[in-house]
Amino acid sequence: MKKRIAKIKIIFVSILALLLIFVTCFAGLFAHNDPYATNALAIRTAPCLQYPFGTDNLGRCVFARVLYGGRTTIAATFLLVFISFVIGTVVGMIAGYFGGLADRLLMRFADITLAFPQMVVAIAVAGILGTGMTGAMISLGITMWVSFARLSRSHTLSLKNEGYIQTAFFAGKSDLYIIMIHIFPNLLAPVFTNALTQIGTTMIGLSGLSFLGLGVIPPKAEWGSMISEARAYIQIAPWAVFYPALATIVTIIVFNYLGDAVMDYREA
Amino acid sequence: MEHILEGKELNKRFASEKGDTTALTDVSFYLDKGEVLGIVGESGSGKSTLLKVVSGMITPDSGDLFHDGKKYTGQKPRKTGEFLQVIFQDAKSSFDPRMPMERSIAEAGRGRADRALILEHIKKVGLDEELLSRKPSQLSGGQCQRMSIARAFYSGAGILLCDEITSALDVSSQAQVVKVMKNLKNDGKMSALFVSHDIALVSMICNRIMVMKDGRCVEQGEIGKIISDPQHEYTRKLIESARKQEIVNEVY
Amino acid sequence: MIKKLIKRIAGLIFILVILSFLVFLLMYLAPGDPAEKRLTSQGVAVTKQVLDAERERLGLLKPFLVRYAEWLFGVVRGDFGVSFKDDMPVAPKLLQGLKNTSILALSSLIISIVISFTLGIVSAEKKNGIADHIIRVFSFVSNSLPNFLIAVLLMYFLCIRLSLFPVIAKGDFQGLFMPVISLAIPMTGRFVRQMRAEFMAQLSEDYVTGMRGRGVKRRFILFNVIRNSLGHIFTIVALQIGTLMGGSVVIESIFRWPGIGKLVMDSITARDYPVIMGFVVIMGTIYVLINQLSDVLCHKLDPRTRL
Amino acid sequence: MGNKILEIKNLHVAYEEKEVLTGIDLDVIKGEVLCIVGESGSGKSTLIRTVIKDKAVKLIDGSILYFGQEISSFRERDYQKLLGTEIGFIQQNPWGAFNPIRTIEAQFKETARSHGISFDREKLKDIMDTLGLKDTSKILKSCPYELSGGMSQRIAIAASFYLNPKLLFCDEITSALDVSTAISVCEELCRLKNNMMTTIVMVTHNLGMASNLADRIAIMYKGEVVEEGKTEEILRNPQHEYTKRLLRDVPGLKAV
């Protein structure tokens, strides 16, 4: 019963999430204006038919910029989470399975990175690197992959004690076989759930860095930096802040909810 | 005649928070072909550690292990798996939750694939062929445990090391597993170490028993002799406890 | 016990040294020349000669390891160097910023803890009741809001629309209100979730059933549940300090609160390396110390957890 | 008969949204030891949880009468006072009776205060003596997590008897213990029961143990009581197929 409800929830939110991804991926289909075209005649126009979300102080279409900006945010988030997921899982699995020096090195490194507040490190690193979105992604990725590595390491350690892994040893199976056939498939689900729950946090982090001017380089559209720019004239053109803000909130809520729903499903 | 399995003066210590704890002290045993040796003790007696040492999952600090007279101390499960198989207490987790039973059993075959042989062993443990396509979660604990016995036989190893294999099961499932073990023993093809906390259960399956306490072997011998005339006080206590858990009934 | 503590502190110092080294290395490798930044900001015409002289003066021409060693020895003596921007010593700047940041961070932390502790208990005790559902929705939504968004929206509605507060924060209570709320909302959301989970875990422990079965009064049971949750709650709070530090950088920049976060953002644009280094080291030290402290506290409160 | 302490009539109960008990009829007679025997999933533990009004258990239909009074008619506050002093309860988990990280003394005092009585050290000492717990003051000063399973379970028993209940429910109280400890715990329990004239309902999967302890046995299978009666009758002349199978399957000491 609980499982059924959780399943329906997952399907529902997944559709929403896919819709978001689709709309931002094919932004060109929905937005007819060029997000980078400035129009001196239409500065800070209120939402109207031609500009559904109005324009900013350079006369750029906010609607188009929200859609294209979503592409930047979502793509960067997915890429970052995916890369951290892959690196973290592989390293964690190897360290957990073989133990020894590799394991101790990993744990030491994890201790060091986790001993520091993630955003503080990210702000410092992104500030120093200063190369736009890549810099922001690297600065968040430094600590993020470690959380995946720790998770998959601890799962590998407990899987190693399971009877079926032990039995595989007695059946004379090779390390590679055990890792690929037994450990990886069985650890995928929990680590993947963690990846889902990280999406929202990562979005908050990335847009926060962009907001501070440590993310994308203007004029590239990105929600955080759009809000940061438009904040200066919020009194005259509040729509230039509201719509990207709304987009950010909706997106984060959808992905956070997806993560929660999957977690509920796994616990039910 | 050589013993099929023999351990001499096995010692093992574990480092823990409160300093070293001794898990095994000078434990020696032997097992002959076709025989079942019961290892009885309460929690912390070292009986499970002994089984792990014998199987190669952990290496003893000192002492030696022999299979058919050949020393195999220090060999890891990949190697020892050629002549012995372990059956664990938790039957369900002995099978990959994502695999159908048949694939899990075939895995134990060390490269050979012989479906007819698998079926033969499945029948021997009293299970249906149809169960082979199921996943462990779709089987009961007792069925899973009999599957793992079938798997151990399919691997071709002649020695079974059973670690509390019925203590997670219900009485009726336990009875089925016991029946299977008895049948296999009567066939004469199985030699086994049978670790359990339940001396009554052990008495139904084993030829000889070894009583363990605090990492030491306190008594070893023919089952009938030990039950009727226990020498050590601890053994006496165990038997007395077991008597009190027996069904008080003249008819049975 | 004492031996373990000493071992831990040694480990911490090691970690801090490693991290500062990495950040130093990163600055060394990163593009952007502080000397050039400084000269252009002072309006000096940048020629090769002037640039080299300035680099020499700032000590940028010395080998990397020498620079790091000099810096490290300085830090040990409490000397964080001299700002590239205005030649003022860094330490007093950081200290002043830290003071202001602490006011902000502690106020929002206390508000968050008080609110979420109460909501967490109510939510866990009346699981699946109306209150629980409302609290869960609240915590879920506020957890999904980036604090810069809350800050911008609060500013728009409270300052511009309703003119309740000044746009630029001063050091008084009125000025403190909005930054504190912006920091507290998402943090409260996270706390409520975690504390609710912790209380629920405690409530489903066997000892609660045992006490109920013995007819122990509800308030005694609740007292035991809270008592046993405290250890974990300290850990939860300590781990959130990191997010709080990052968040305060954003919030301070928005509200122009003269804290350490605003200082570091200004320094990043100016490539003022000594300040950035100082920021990382101070924040890292505080975070690490708080987490160690919470571990010790956790062990004191629940002796079953290992130190 | 007027000596029924508890009457269970046509009880239907759900645990976590699944109907686990499907029509239970069972009486508990004053002064007896009733053993409810069943395997996992038979619903035997749910039955006890229904009586102590556990929140995870939902009553669908039927009634439970304690001395003729319907227990669902009690208000929560009144029932809380009844639990402990009238109806006691001990769990399988030996550490389940007390908060593991607070001293036992503090928790005994809380229990006493909940029922408006003062904490009587001498009375507790007597009970602990019967249970073979020697050093009462030292035990009172320690926390349960520092104690062994057997010791903790004994203290749980002491806590129950301290309140002198008329009816005591024991849910698999020995199955987490070693065999020899389990036997002595059972023996001490019986001694206390005889001293204090308590009625005991004991849930267990162990038919052998039940046959040694019980005056009457009820066999549960898949949410129903399939057979109940005097211990000798059940053992000598089992009616139900399931009981017969259970009797056959219990291992006994044998020399092969």
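To keep things simple, chains are lettered A, B, C and D as they appear, and every chain counts its residues starting from 1.
Convention: a residue touches a chain if its C-beta (ideal position, glycine included) is under 8 Å from a C-beta of that chain, and two chains touch if they have at least 3 such contacts.
Remember, it's a predicted structure, so these values are computed and weren't measured experimentally.
Among the remaining chains, not one touches subunit B and also subunit D.
Ranking every chain by how far its Cα centroid lies from the centroid of subunit B, the top place goes to C.
Here the CA centre of subunit A is 22 Å from the CA centre of subunit C. The distance from the centre of subunit A to the centre of subunit B, with each centre set as the mean of the Cα atoms, comes to 49 Å. Distance between subunit C and subunit D, defined via averaged C-alpha coordinates, is recorded as 51 Å.
Annotation: 55 Å between the Cα-based centres of subunit B and subunit C. This structure has the following touching chain pairs: A-B, A-C, B-D, C-D. Every residue of subunit B that touches subunit D in the complex is listed here, in rising order: 42-43, 170-172, 174-175, 178, 197-201, 203-207, 223-224, 227-228, 237-252. Of all residues in subunit C, only 11-12, 15, 18-19, 23, 26-27, 30-32, 140-141, 143-149, 152-153, 155-156, 160, 241-243, 245-247, 249-250, 253-254, 264-265, 268-269, 276, 279-280, 283-284, 287-288, 291 touch subunit A in the complex they form. Those residues of subunit B lying in contact with subunit A across their complex are 55, 57, 76-82, 84-86, 88, 90-91, 93-98, 104, 107-110, 148, 151, 155, 157.
Put simply, subunit C touches subunit D in their complex at residues 206-207, 209-218, 220, 224, 227-228, 301-304. In the complex of the two chains, the subunit D residues touching subunit B come out as 39-40, 178-180, 182-183, 205-209, 211-212, 235-236, 245-256.
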